[in-house]
Amino acid sequence: MTPPSISRYPVPKLDALPDDIRARMLEVQEKAGFIPNVFVALAHRPDEFRAFFAYHDALMLRDSGVTKAEREMIVVAVAGANDCLYCFVAHGAILRIYAKNPLVADQVGVNYRKADITPRQRAMLAFALKVAERSGEIDEADYAALREHGFDDEDIWDIGNISAFFCLSNRMANLIALRPNDEFYLLGRVPKQK
Amino acid sequence: MTPPSISRYPVPKLDALPDDIRARMLEVQEKAGFIPNVFVALAHRPDEFRAFFAYHDALMLRDSGVTKAEREMIVVAVAGANDCLYCFVAHGAILRIYAKNPLVADQVGVNYRKADITPRQRAMLAFALKVAERSGEIDEADYAALREHGFDDEDIWDIGNISAFFCLSNRMANLIALRPNDEFYLLGRVPKQK
Amino acid sequence: MTPPSISRYPVPKLDALPDDIRARMLEVQEKAGFIPNVFVALAHRPDEFRAFFAYHDALMLRDSGVTKAEREMIVVAVAGANDCLYCFVAHGAILRIYAKNPLVADQVGVNYRKADITPRQRAMLAFALKVAERSGEIDEADYAALREHGFDDEDIWDIGNISAFFCLSNRMANLIALRPNDEFYLLGRVPKQK
Amino acid sequence: MTPPSISRYPVPKLDALPDDIRARMLEVQEKAGFIPNVFVALAHRPDEFRAFFAYHDALMLRDSGVTKAEREMIVVAVAGANDCLYCFVAHGAILRIYAKNPLVADQVGVNYRKADITPRQRAMLAFALKVAERSGEIDEADYAALREHGFDDEDIWDIGNISAFFCLSNRMANLIALRPNDEFYLLGRVPKQK
Amino acid sequence: MTPPSISRYPVPKLDALPDDIRARMLEVQEKAGFIPNVFVALAHRPDEFRAFFAYHDALMLRDSGVTKAEREMIVVAVAGANDCLYCFVAHGAILRIYAKNPLVADQVGVNYRKADITPRQRAMLAFALKVAERSGEIDEADYAALREHGFDDEDIWDIGNISAFFCLSNRMANLIALRPNDEFYLLGRVPKQK
Amino acid sequence: MTPPSISRYPVPKLDALPDDIRARMLEVQEKAGFIPNVFVALAHRPDEFRAFFAYHDALMLRDSGVTKAEREMIVVAVAGANDCLYCFVAHGAILRIYAKNPLVADQVGVNYRKADITPRQRAMLAFALKVAERSGEIDEADYAALREHGFDDEDIWDIGNISAFFCLSNRMANLIALRPNDEFYLLGRVPKQK
């Protein structure tokens, strides 16, 4: 059986790619043990690839009052709202690893109100989903609700921009029928062997 | 740390339950290795418990042109549509086991259009979701679409009734904040040790 | 002219039915003067019939802080939300009779906010409709709102479970195109002749 | 017990009204045996009253390929979509009388797909509801679908304009909490005594 | 190139029209410099034309606590919600002129929450849009919110009825594919030459 | 009167910005005569600024079977769907200039079905809006519909990715309450003086 395609679009060979893009892929392969399909599929358009990951890194790697695990919670909740299989599964794995919690990704992706998270995190996800689904209605009351939980305005920018960025990402994944690597489904679910 | 509650309602002790209900629980425990929380939580109301599982068994155990794995696909897709964490996680596990496929549950639960399933199964899930979300608009064209894929009218009843039954089940799980057993999250994801 | 069919599915003859199911039908015929079509149509599947009515009776006949008329209000409001003609018409009749009020069924079915009911009943119906339409968003605030009107947690279970059960029932009626008996339309609208 | 109010707004006394408006009311009272509350409540604003009923009459009394019973079907289906109790109940009565059919109003108001009507009437109601709910998406294909059932362009204007007019009317009834006269609920349900 | 049609329906010649309708058109032409297409297109049905504009004038010309510019804000916001190009463009022009503000029409039509308007006007538009989109849910709390901003009950009737009237108007414009006159797009955007 | 703020967040001074960002602003100022507020507001976060505009340029400046005017049509239609005032107004101006058409931006932003555009452009906008609103449902039939109008798969990527990118952009603009420069409202509406 031929393996299912990872994208509706042609997938470039690793050695046909510009050096910087190939280097990025090898770096993530080194760390994760495999190359996530989003890298391979988006490399079809090198300029967009570079901008996409520059934006991603600017949001996901910066210092913030929102922890890295919390940022991945936002990604997974937004993926659920946008019916995006790739981000639900791939970022679900990252969330499980960052949070060291094998349950939280499915909880947050299906219904964050039922997740084992703090009230502060619930408020964060409610805001992220409002940005994803009804951003035109965001108003001062939404900001105030987050400030009550100790988020400052830069944190709120982070929450909103991560939600917005993955609204782009989810749509691209749906557009090109991006397939999650099989590896993601299990990552972070089983305690590491010592 | 106290473990999180499995229900908003009081959870009966096993030995305080009527014999038939306790017997049912011990039977499932024997088979699964643990008692799924839906049994424990719904036992708060024995008469409703009996009717619920009688209905469940009538639909899920009967002979049908819809396989048991396909019936679980319906359950998981409907749980996704209804934001029901319990059924997404618990029936996701059952689906992985029945289908001997560690990926299909997340695929079907998040976006069945992206799942590794047959066109016949996609038509089945489209119908099941229409029953779940817009049943008032079901018409002859919907029946015709399923018959083209080889489903007969009794199969269509099964598909529709399973969707309808889990619309009840999802709402009860959401109402009482039913918590999935931790065991479900991993079941069927790792090949069994010989 | 042939009378319109009462179901998309074959309708069993009374004397071909299992004894317990036929007995149930004769009992309701004795009381109502006719056999409601839901009995006849669902008897196509005896096991599901038994579970369906066992569940129905467990919810609708038990002692509760929610009166029988109020339970029928829930059924009619949910039927309106689900575009279910059978339950709107059949339970509308039962509601008129239980409430001894010829107007309330249409009011509650079309727009409960305009009905001649108490604030407590309006809160009950708001909750029932949230269970029907957005059960994933039910939270402690919804429980608190009902407790303020004197409902205890068991009453809230009743309200929610009746809503959930008729979400199943409405979907089945829509699936099989269940036709209300003509008799229901007029029942409870005209004062009984002395 | 004081009778419930028929409007959120002051209701004018009959003898305080301008002559033409009082005459209109007496005329309808002569015919129906009572004055429908919409006349009384809207008379609070005589100029709007006159325009409202002039528009109503222009649409509902003109010669058309759409029968008077069919026009009332449109009104009742649109009232159902707009959760408008007044029009559902009052025009339900008129529909029953015009169609000499005690069942059709509830059928069309709750779910026209389940009503005892012709395929042509179903197409008409599908169009009327699209005008009510998504008029921005009306296109040539919608016109073509109606022409196939023998409606000409003037009939289509009638169908669309009746839907649009009652979208105004339903909103006004909801705005002022207009209460249907008790008489409407029973009208047309019982064969007239000879 | 033939100019695009202004309506799906035949457009009457000015000199074939009844005197009163032609007079109305010449009057508006005198004032505006051109005849807005809504006059020409609706004249296809003289009786409906008369009722439509009588209703329009009763609402838009009467004395009210809602200023004429505010009434046009309602029209433009409702047109945006109903995807009605004609009213968005034509009443956008009128709003710019009445408010002597070249920006406010686009602001209010796209997202009133971002418009340069007062909190009182924002509350007014929130109410108008609720009447347009969910009138069945209007309740006393909505009235109370407007009264807090100094609107009395007659003002609230005006706000609600203008919204309701343009829900009719928007649907008619969408039904007949009414085209805005080119002139409207620029009106009120450039300071008048002295 | 103080001018209204252009963002909920602090707006950096031009001379405090990194050289590359200031250079970009001066370049656009040179061309447009003013600095669009999106540059000024997003410069609050230089890294995100760079990624945002790199992505923007990769999509909007590349060679494509989708013309630059058509790409701006997508932006304006998506802005309308997302209630984003900034992009509706700013890209409306750019669209008017690129298309040399003072009417098309309002048409496409309010209801593209009523716009003076080609059937090919209507198909393009229907797809772009499906990506914006229901990307999880994109399937082969959507691709086929665009290919029938002569779009190839790279064009379809462009259409989809522009829609997706502005779903990000619209959410950011709504999040920070980004205010369009007053200049945009009039640009492209008046023929240039020779």
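For clarity, chains are labelled A, B, C, D, E and F in written order, and residue numbers in each chain start from 1.
We take it that a contact is a pair of C-beta atoms (placed from the backbone, for glycine too) under 8 Å apart; a residue touches a chain by one contact, two chains touch by 3 or more.
The structure presented is a predicted model; accordingly, all values stated were derived computationally and were not measured.
Shared contact partners of chain C and chain E, listed by label: A, D.
Counting the residue numbers used at the interface between chain B and chain C, over half appear in both copies, so the two copies meet with largely the same residues.
Comparing the CA-atom centres of all chains against that of chain B, the greatest distance is found for E. If you average the CA atoms of chain A and of chain C, the two centres end up 44 Å from each other. Rounded to whole angstrom units, the spacing between the C-alpha centres of chain E and chain F is 28. If you average the CA atoms of chain A and of chain D, the two centres end up 51 Å from each other.
Residue positions of chain D touching 2 or more other chains, listed in rising order: 83-84, 111, 136-137, 174.
The touch graph of these protein chains has some other shape, matching none of line, ring, star or complete.
Checking each pair of chains for touch leaves A-B, A-C, A-E, A-F, B-C, B-D, B-F, C-D, C-E, D-E, D-F, E-F.
Those residues of chain A lying in contact with chain C across their complex are 111, 113.
Interface residues of chain D, counted against chain F in their complex, comprise 136-137, 139. Taken in their complex, chain A has these residues touching chain F: 8-9, 44-45, 47-48, 50-52, 54-55, 58-59, 62, 82-84, 131-132, 135-138, 143, 153, 157, 160-161, 163-165, 167-172, 174-176. Partner chain E is touched in their complex by these residues of chain F: 4, 79-80, 83-85, 88-89, 102-103, 106-107, 109-111, 114, 116, 174, 177, 179, 182, 185-186, 189-190.
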